[in-house]
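Following this line, the structures themselves.
One chain, chain A, links the two complexes that follow: it is found with chain B in the first and with chain C in the second.
Showing the complex of A and B:
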């Protein structure tokens, strides 16, 4: 069964009480207040924030009630569940209605296919609390699933592959969550969260492979947690980064715990220039600050396992802000005066104030743990620290002695320091074509997708008990 | 050359490599929104910019997203982001540039000769009224 991408205006014959949307909104607001009053704390650093309460709207079936997903979305009211039957839908779906839940009945057979003509599979623009669940997007020229300018979002049990930019993409959005999802075949990043501070977001149980970058986060952070996920076979694995090509710089305060990051040296993936440059690194903080990288299992990288490096931005739009300036939330920074485009020359974003704790890292060509700087004064000069890690090689050589997370460092920070020139100078295989990325195997379905009630993204992000997360074991296929 | 110098050179080279695909060679140029500027426009209204005005298309906003210019102003958009963008007028046929001619590093210029309100958007990152949108207000 295939549906056409053209919207077909269909009368909605379902009984719909007048002013139903008003009632649903009132219910949302009321339950939201109750939920907010009843939220309880736990031993987490990732706090669930209620945007509004749960919803109980109508169920709109596609194609039974509406022939296309877009026509169903257009007819929906806040709180509705759009339940999509198996089929290939040649659509680019835009969502501008708050608190919808778009759900496929079967993740592997509900397929949005852009045929390399449409830009985004599902794009949520400024609509609060929209959840997208249990479906696949493939063959889009830009993104698989894209939220922009929203408060409250969730992508669960999603599969995205062969997309020209990102797979799962949240931009200028807060209070969100990606979980149980898969992304491959994006030249930039399989999973991307950018321009938010604080983001208040969680990435949990995600697999990202065969991308330029497994995860990229430009100018994001602040209660942003990446846990229990797998990043493998990308050019580079997890790459928080800074740059003035987006607002709210720099990247800071991302927490990366309990992930498996391995073999990110993949030579045949699609890749933007940054991904080519970052190739061969597991977790690479490129000009980021105040990040916590703890209890990850990282192995088999041609360059570094966990690296902290400066990021040079040529023809930057603005200079690095002062410490005071960068403490402001993104909502304030967005109103800063507009600098002249590309007027700031080459700007170096330092990696500073990061801590790397209790990771297990092995098999890295230039260093399991590494820090690079322009001054040669070592990681402690930028207040970075390394402690409790299991590793064999590092740059500088005695990195945990030079820059411990407790006490005062000692030793020579220049001994065995990271050769940045070597890190960047060697040849990289050219970018592959995202359009030929292999189709992934079938992915696990959301439980009870056909019967579970609507669940808009009103309870995001999920609470994460970071203290309970141990270093993961090696996967059987890794 | 010292090791440090090599590192600096290497890092700068890395920056060049990063942005090598974003050069200005693909500059687009176009004229839209009317004919020759109205020479009888008179004094510039308060807050309105005359002459040449620039807008940065960063990822994923136009900055500034709203500008006021006098008739005859040349408005130049620079794709100062890392992503592809385009400029689509809300009312078709006035001005605009497609994604392929507005890659990162590229510029696009339109001359606004006729007073009016010109709304536009990037179709990749917005719709006519949401997301990456902008407005050029042209006054006489």
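Showing the complex of A and C:
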């Protein structure tokens, strides 16, 4: 899918001699063992998991050493840094070599452009520890930056806009990190991590706007942490969900802390069906379980600020697994015998065992805090709880009395409950065209991009001190 | 990920299907000898494919277990043409809906289709796909599009798969069927559900009607077509191609999506009753790109695309 068409004049960089040695690989393995032995975690710190150590190999310059990113990738060995000069690259780059670092010298002027002909800006297929950083991808029919079937991945200082599916996308992948990145103009999600359990991944300091969904993760979770990020002006903000159309259902154990989530009512974004359905909600757990939603600032939503709702799946492939089955990792679960679809029918994925703590939520049309179910028995019936939040409205009324996180609830769980049928049935503006999403403003560069050594994704995800994260303040432009 | 196959159908179910399939062959042999109709395909009794060996093991259930790549193609055009069954004879065929290569007609050859415009999201997929036109109460239904899944058949070692040879022609399902076909090969369903039916079920609006066809994945290594358009290819069994079919190819499953949901429909196909559902595939991919995808996705054992109910966005119709 790559082309040789390069729009910029090529700087006069002479090919450099490349010093590649077996010891690099040996060092990678050795450091990996040491780092693995030193990693630690606690109840409030996400566990940093190390797949292999880091060491730098050769530096390959594009276009000086190789005219295209793809040709540089094809020539690279594990540990190499591919350093890309400013230019517009009409390429779809496929990466199958472990432990590469693909880096733009300038995030805003190193641009991969798919011209709506190519599917993915950068796609990493089963290669371990590949980092992509400090560049822009735009105008791709599928995704901006995509990792599939990998252990170890990192996307840092990336900008993605106008993509047919996702901006930053990890599928069936573990031990990863998206940080300091920006995504807009996807009908599905700007940022997506799906089909992993445990995912062992972190999303930190990301801005996602003008998408169908700011964040989505189908059937993901397990040491999956979303922190310090901004989700705004999407159809819906942060929407983890479950479904048996892909493996490793249900979504569970995602930690969402310290994010700013506002004005996710945007009627002119592109949108898939789920985004249309979820429109006007800030953080919406659609059929997910055991999620922790803490200390987020959430405001100005036409429907709910933080909502926990069931996800109805028509003609499902399988039933909801038992609690014991849910304890198994995705790597086992996905090889289970194929279920008999005739036994499933329409499956209701309940929102269960979620806790919503210490968030600051305001300006929501149907409830700052909300729980919806089809039985009307209320949030506590599925062991969901709400405590310590700053809010004005809730559905049901007095939700923190009905379903507190400590002690036993009291009050009427049916009073002022969320009218799910009306919520689902109401009209939505039709989806817009992802191809016309406005170009985002310039985004901050990675420090020392031109000189920093290679950083393959060997020390991912980063450790996050959750306890140190306070409710964020309102942004000046929000 | 570790490549592995979804479990094929249970042995009881397979036994039942084999029995049904054998009965169908006997019925077909009796009936086909009396029916030689240009509009229904020019197969004669002596050329009738041996359906008893044509029970495929297929993937059902959630996607995401086995490696795959997926192509979504918009509806391209309708014509009474069939470049496999009635080559060079425009207007001779029952009505077909075409997907993929926009130039497909009765006179198409691998050479004329190569490099043509495509209705698919993957620009390199210039292959031709077609299926009989569906009608509702006698009125043709314009399909929403086609999704083509390329993956190893259950049990097949993905690293052994070779791309379809350039110019390969093959047919999934039987346009001459006189009764229900094995659902593994030719079925109807709602959305991406694995609940495969011999007749179109009543579907919810969120998951409208699809026809689902699975093509053979074993090739004789010599012939790009055969007199009956079937005998040069066959299905693997438990991950192995039978003797005489040395080349293991991807298992191609296509779903043709229709804007049909709810009750009150009266559905027929241009080939006859809805159990005559079938589909044709003419491999005129950009062969080097097809080879690359087989390598990158199937040999490497990764999911390169997922198609599901949550992403029903259509490719642009404009050419």
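Side notes on the structure shown:
As a working rule, the second predicted complex is superposed on the first by the 448 of 478 C-alpha atoms of A that agree within 3 Å, B and C clash if a C-alpha of one lies under 4 Å from a C-alpha of the other, contacts with A are read in each partner's own complex, and residues count from 1 in each chain.
In this section, a contact is a pair of C-beta atoms (placed from the backbone, for glycine too) under 8 Å apart; a residue touches a chain by one contact, two chains touch by 3 or more.
Here the structure is a predicted model, which means the values were calculated and not measured.
After superposition onto chain A, the modelled positions of chain B and chain C overlap sterically.
Contacts of A:378 after superposition on the shared chain: neither chain B nor chain C is touched. Touch criterion met: A:274 reaches chain B and chain C at once. Of the two partner chains, chain C is the only one that A:187 touches; chain B does not reach it.
By the document's definition of touching, of the two partners only chain C reaches A:335; chain B does not.
In the superposed model, A:249 makes contact with chain C only, not with chain B.
Legend: residue contacts after superposition of the two complexes on their common chain; A:317 is shown touching both chain B and chain C.
Once both structures are laid onto chain A, the chain C stretch out of 25-33, 61-69 or 79-87 that overlaps chain B is 61-69. When the two complexes are superposed on chain A, the residues of chain A that touch both chain B and chain C are 94, 96, 119, 125-126, 142, 148-149, 165, 171-172, 188, 195, 218, 243-247, 272-274, 314-315, 317, 334, 338-339, 341-342.
Only residues 1-2, 4, 6-7, 59-65, 67, 121-124, 189-195, 203-204, 206-207, 289, 296-297, 300-306, 308-313 of chain C touch chain A when the two sit together in their complex. By the touch rule above, chain A contacts chain B in their complex via residues 94, 96, 119-120, 125-126, 142, 148-149, 165, 171-172, 188, 194-195, 218, 243-247, 272-274, 276-277, 310, 312-315, 317, 334, 338-342, 346, 348, 374-376, 419-421, 423-425.
On chain A, the positions that touch chain C within their shared complex are 1, 94, 96, 117-119, 123, 125-126, 141-142, 148-149, 164-165, 171-172, 187-188, 195, 218, 243-249, 270, 272-274, 314-318, 331, 334-335, 337-339, 341-342, 431. Those residues of chain B whose C-beta lies close enough to touch chain A in the complex are 3-4, 6-21, 54-56, 58-61, 63-64, 78, 80-84, 104-105, 123-127, 130-132.
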